[in-house]
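You will see two complexes here that share chain A, one where it goes with chain B and one where it goes with chain C.
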Partner chain A sequence: MLSDARELPDGAELEGDVCIVGAGAAGLAVARALIRTPLRIILLEGGGLQFESDTQSLYEGPVAGVPYFPLDTARLRFFGGSTNHWGGICRRFDPSDFERRDWIPGSGWPIGLADVEPYYSAARELVQLPTDDWDVDQWEEEDELEAFPRSDRMATRVSQIVPKSKRSFGSAYSRELEAAETVRCYLHANVVEIDTNEAASAVTKLRVATLTGKRMSVAARYFVLATGGIENPRLLLASNRRRPNGLGNDHDLVGRYFIEHPRFEAGVLAPARRTLQAGFYEAHHVEGTEIQGYLALPFDVQRSEQLVDVQLLMDPVYDPRFERALESDDVDSLESLVQDRGGGSIGDFGSNLMKVVGDLTTGRRFTVPGAPLPVPHPDVVRKLVASPEVVRDSIPDLLGNIAGFSYKRAVGAAPLDAITIRSRIDQAPNRDSRVTLVRERDALGMPRARLDWRLSELDRHSAVRTMEIIGAAVARAGLGRLRVMVDADDRSWPTDLAGGYHHMGTTRMSDAPETGVVDGACRVHGIANLFVAGSSVFTTGGSSTPTLTIVALALRLADHLKRIAA
Partner chain B sequence: MPAASAFYFADIPNRAIALLVDVILLTLVAFVGAAIVSLLAGPAVEFDTAAEGVGDAVELNHGVATLDACLSLVLSAGYFALSWVRLNASPGQRLIGIRVAADGDRAGITAGQAMARWTALGAPFAVAAVLATALSLNGVAIFGIPLATWYAVLLITTARSSTKQGLHDRLAGTIVAKRATPLPPSAADAL
Partner chain C sequence: MSWSRRISRRRFLVVAAATVPAAAAALEPWRAIVAVRRDHSLAARLARLVAHRDSARVIGGEYLQMLGGGVDRLQLVAALASELPGGHRAAGAASAEELAELVAGRVRQDFEDERTISLRGWIVSVTEARLAAIAGTTPQRPAA
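Coming up: the complex of A and B.
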């Protein structure tokens, strides 16, 4: 059942077995997993079904430290949460992502891949990826494009990409939740405080407010915070009625250890030959699934060099004549039509078809108007004879993605000028990188969050050293010469440094309350019935995108709740 | 039935081949026409080598292009109507050995019948091209489906007709016949 909290009477007291705060990837995953249980679920979402600027402005807050996106644009506050602007890139964590790495202070989850592994397949289904195949060799076998040769110093990884039309959890699951008898989802229900018993050892109720001025409360046996890596600590810190430092914060850890996936342009690969195939490292379709390859160091090398994991994203730069025609969105439309063979959604099919039709129309502009067959206009022919390079340069303009697609099919890869390489760093845990509260309050009276993102020398050194090692491996393989654009001796960060909209670590997982906010079951240390879902529980972030692991952990938490609530 | 045994109603494959030949010839004629228009009125297509965006490198002079489209329309009408009236067949049809005749007396067709037949067969495409060019419309998106539907109707009505008269033939009162070896008596009776 979906309803609007603004229509509830002021002072309403709601009650359920499990109350989930936040209807993003994590919250919806937990809610869905509990639908077919006798548990009465209350799902609270601060926003509506669509973007609303007054609700979104509740996310505003100052930023310090490393320059970061404005906090109200770095996430979305409506049904589906940040999946509504998600890029759809998915990859499972590696075993090493969970392990304690002696050279990375604060690394090491209290759980391992084996604990999460059973949930990855269900998570993959929930994000609507078609296959559980994550093995590079397997993909390479099915792919027309080849990855770079692997060596003991250079590895290739593969991510799968969720089709754009399927990325929003809100669109995908709103009907199912609306139909679910055991789930009551309240929109525009903003949790402003968590109430506990005197000892702050159990949550008694949540205080909820709407922007229309109504106040209500929700009591439940179990509570799950799933509001993201900035809001989860904000809510815990702001709930300071019983504990002046906020809930779960007896050891001053809530909001600390904010980690991101810092990225910047780290180098340029000059290919040894213009026919070098780099298409495997661009987003492309294989048997109807969109995948993308990355370069990285094998874990043994990370260990021997004492580095954090750094994933290298490659952006091939093709001959300018074909660059425009090969813009992935355009070429993808025809590729999708050819490869999906009706397997995609009607929306995707229609959109791709219109793009191709648009190209046909573009092409018709340069043929004789009214001629029954698309013969080039005499002016085009005359120009071709007089100055062939002008027309040749205009071929992508003449036929758009049809030219690009045909060219890719015929040649396999467009003439490669260079490959720009961006790094994506598994940021080392950093106690000084944190979310705190400021005095300024939002429209609901909650203190706003302040983000102070900090990076360490280990992060920077790892990015540079990874580039150097990959550069040597690339040269040894005869692929080209890699120029590292970050000076090893310069302590500053490149000006294009940015995050990946991944907010992690602020309620980090650890066995001991002295080193983490939640335990291995995602329960807040010291509070019997308060759980956290989402990437704020990540102890380290891995260099892969977090959504698939967020969902897998949420499903694991749902299983735990089923067990303890039974 | 004196001449009946020497003809049968031209089937779709024969007519399709004839139409393909006509389309190729008409395209060449339109190409020459466009070249003449460009000589007299200036280029219809110009290249801007400094342009960056997709589709921006080539610019269309809509006035000249509209002249091209109008000329193509006139050439199409002239090509088919004249050849049907004067030669009893378009060049493509002559090549295959088929001819257009009046439905009633199997004699040559009148100018009115020829124009009616072209109006149903060639005009939809030619007029759509003129409109799309003159009004800078997305011709494929706007006219593609209606045109495809119309030509499908012509094809289906031709295929389903025992006299191979598509809707365009019925509107114009024409048949398309192919010279043949004598037909078996039953088929000849049908004529």
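Coming up: the complex of A and C.
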């Protein structure tokens, strides 16, 4: 059942077995998993079925520290939550993402991959990905495109991408929830305070408000906060009737350890040859599934170098003039294209470097070095006989000019100018990176949240060092040369540094209340019936996108609720 | 009986022990000259591996600037050659094709060992940088 809280009588008292706050990825996953149980579910959503600016403005709040997006644009407050605008990129966490890494203070979840693993397949179905296949070798077998050669210093990983039409949980599951007899979903129902017993050891009810001025309450046996990595701590901190520092905050941890996936343009790869295949690292379809590869360091290297995990996403830059020429039969455009050729995005220095590098590789492969005229190397002749396609692919590099472009046009291979590399960092936990409350209040009277995002030297060093190691690995593999755009000696961050709209860590999971807000079952330490779902429980964020793991953890929590509520 | 037969074996050894170091010392300047000529020759042969000399000047210039001066071309040749398989001798005896193979192999090994430097952010093998500096500072033969 789907209804609007604005139509309830003022002062209404609702009651259920489980009350879930927030109808985003985590909240909807929990609610949906409980549909076929006898439990009476109340699902509270602050927004409606569509975007509404007055509701959205409840998210506004100041930002300090590392520059960040305006908070009211970083997530969406209506049914489906931020799944209404996410990128659909999914990948499971690796075992190492859960492990304690001695060189990363604050790392180590109280649970491991084995605890989450049983829920990934169901999570994958819920986000509507077609396959459970995450193995690079498997994908490569089915793919026409090849990944870069793997080595002990360079790994390729694969993400799957949910089709755009299927990304919104709101669109996908609103009818199912509406039809469910045991679920009552109230729209425009904003939780403004969590009430507990005197000892603050159990939640008794939630205070709910609408922007039309109505107030109501919800009592339940169990409560699940699923409002995101900024709103979850905001609600806990603002609920300070029994505890001056807020609920679950006896050790001053609620809101701390805010982690993101900092990303920025980290470098550029100058390809050793313009026919280098990098398409595996672009979003592309393989037998109906959209996938994308990216580079990273194997975990052994992360450990030996004492780094956090860094993903390198690659954007191949093709010669746009070539693309235009492909669409035109006009030879003049081809000529102007050749005359006009610049250094691409690798710049003059990179072009000069690649010429020197090429003299030692391409030139040597095709001509006898030192000969006064370009005498074909005997190896070329041998290769031509043994493997014509190898030489065919290299002809454009040899010919270079108009003939090279004509050749490429004939074989249909776009010449690669460069590959822009963006890094995405598994930010190290940082106690000073945090969400707090400010005096200013929103339209419902709740204190607004303030985000102070902080990064550490380990984050920066990991990004630079990862690029250096991958730079050597791609050169060793004969793929090209890599430029690191971040100065190792400069402590500032690149100006294009941004987050990935991933709010994590603010109610972090830990076995002990001294080091975390929730336990391994996602229950708030010290409060018997209050649980948290979503990436705010992440102890560390991994470098993969969080949604699939958010959903897997939510399904695990739903299983737990089924057991304890039965 | 010849004169030589009149010298005892012992006396010969004594004389030899006394004169060989002196002779060697006398030859030292010549040996140095030969070594320098050999290194000049190797520098020229290494430089010819790089057809794009203007590019080499840019890359090599950046490397030399990074070294902060005080390093000359022959020192770079000696450093590069000493790290090739078989060292200086093998480099000197190699054909142009073999020399290119030796250098390319050393570059690959540099990347294997992560023996790299950063030139304006570009991850470059030490051998590549040295080669560029050698090629960039070696005069080209005038065109015939």
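In this section, the second predicted complex is superposed on the first by the 474 of 566 C-alpha atoms of A that agree within 3 Å, B and C clash if a C-alpha of one lies under 4 Å from a C-alpha of the other, contacts with A are read in each partner's own complex, and residues count from 1 in each chain.
Everything that follows uses one rule, which is that a residue touches a chain if its C-beta (ideal position, glycine included) is under 8 Å from a C-beta of that chain, and two chains touch if they have at least 3 such contacts.
A quick note: this is a predicted structure, and the numbers were derived from the prediction, not measured.
Engineer: Which partner does A:438 reach: the first (chain B), the second (chain C), both, or neither?
Structural biologist: Once the two structures are laid over each other on A, A:438 reaches no partner at all.
Engineer: Taking the superposition on A as described, I'd like to know which of chain B and chain C A:564 touches: first, second, both or neither.
Structural biologist: In the superposed model, A:564 contacts neither chain B nor chain C.
Engineer: Quick one: is A:488 in contact with chain B, with chain C, with both, or with neither? Answer first, second, both or neither.
Structural biologist: second
Engineer: Where on chain A do chain B and chain C both make contact?
Structural biologist: 357-358, 360-361, 364, 368-371, 377
Engineer: Going by the contact rule at the top, pick out the chain A residues touching chain C in the complex.
Structural biologist: Residues in contact with chain C: 267, 348-353, 355-361, 363-364, 368-371, 377, 467-469, 471-473, 475-476, 481-485, 487-488.
Engineer: Can you check the complex and tell me which residues of chain B touch chain A?
Structural biologist: 23-24, 26-28, 30-31, 33-35, 38, 43-47, 49, 51, 53-58, 60, 65-66, 68-73, 76, 125-126, 129-130, 132-133, 138-141, 144
Engineer: In their shared complex, at which residues does chain C touch chain A?
Structural biologist: The contact residues of chain C facing chain A are 45, 48-52, 54-56, 58-59, 62, 96-97, 99-101, 103-104, 107-108, 111-112, 114, 116, 118-125, 128, 131-132, 135.
Engineer: Would you tell me which residues of chain A are touching chain B in their complex?
Structural biologist: 324-325, 327, 330, 354, 357-358, 360-362, 364-366, 368-373, 375, 377-380, 383, 390-391, 393-394, 396-398, 400
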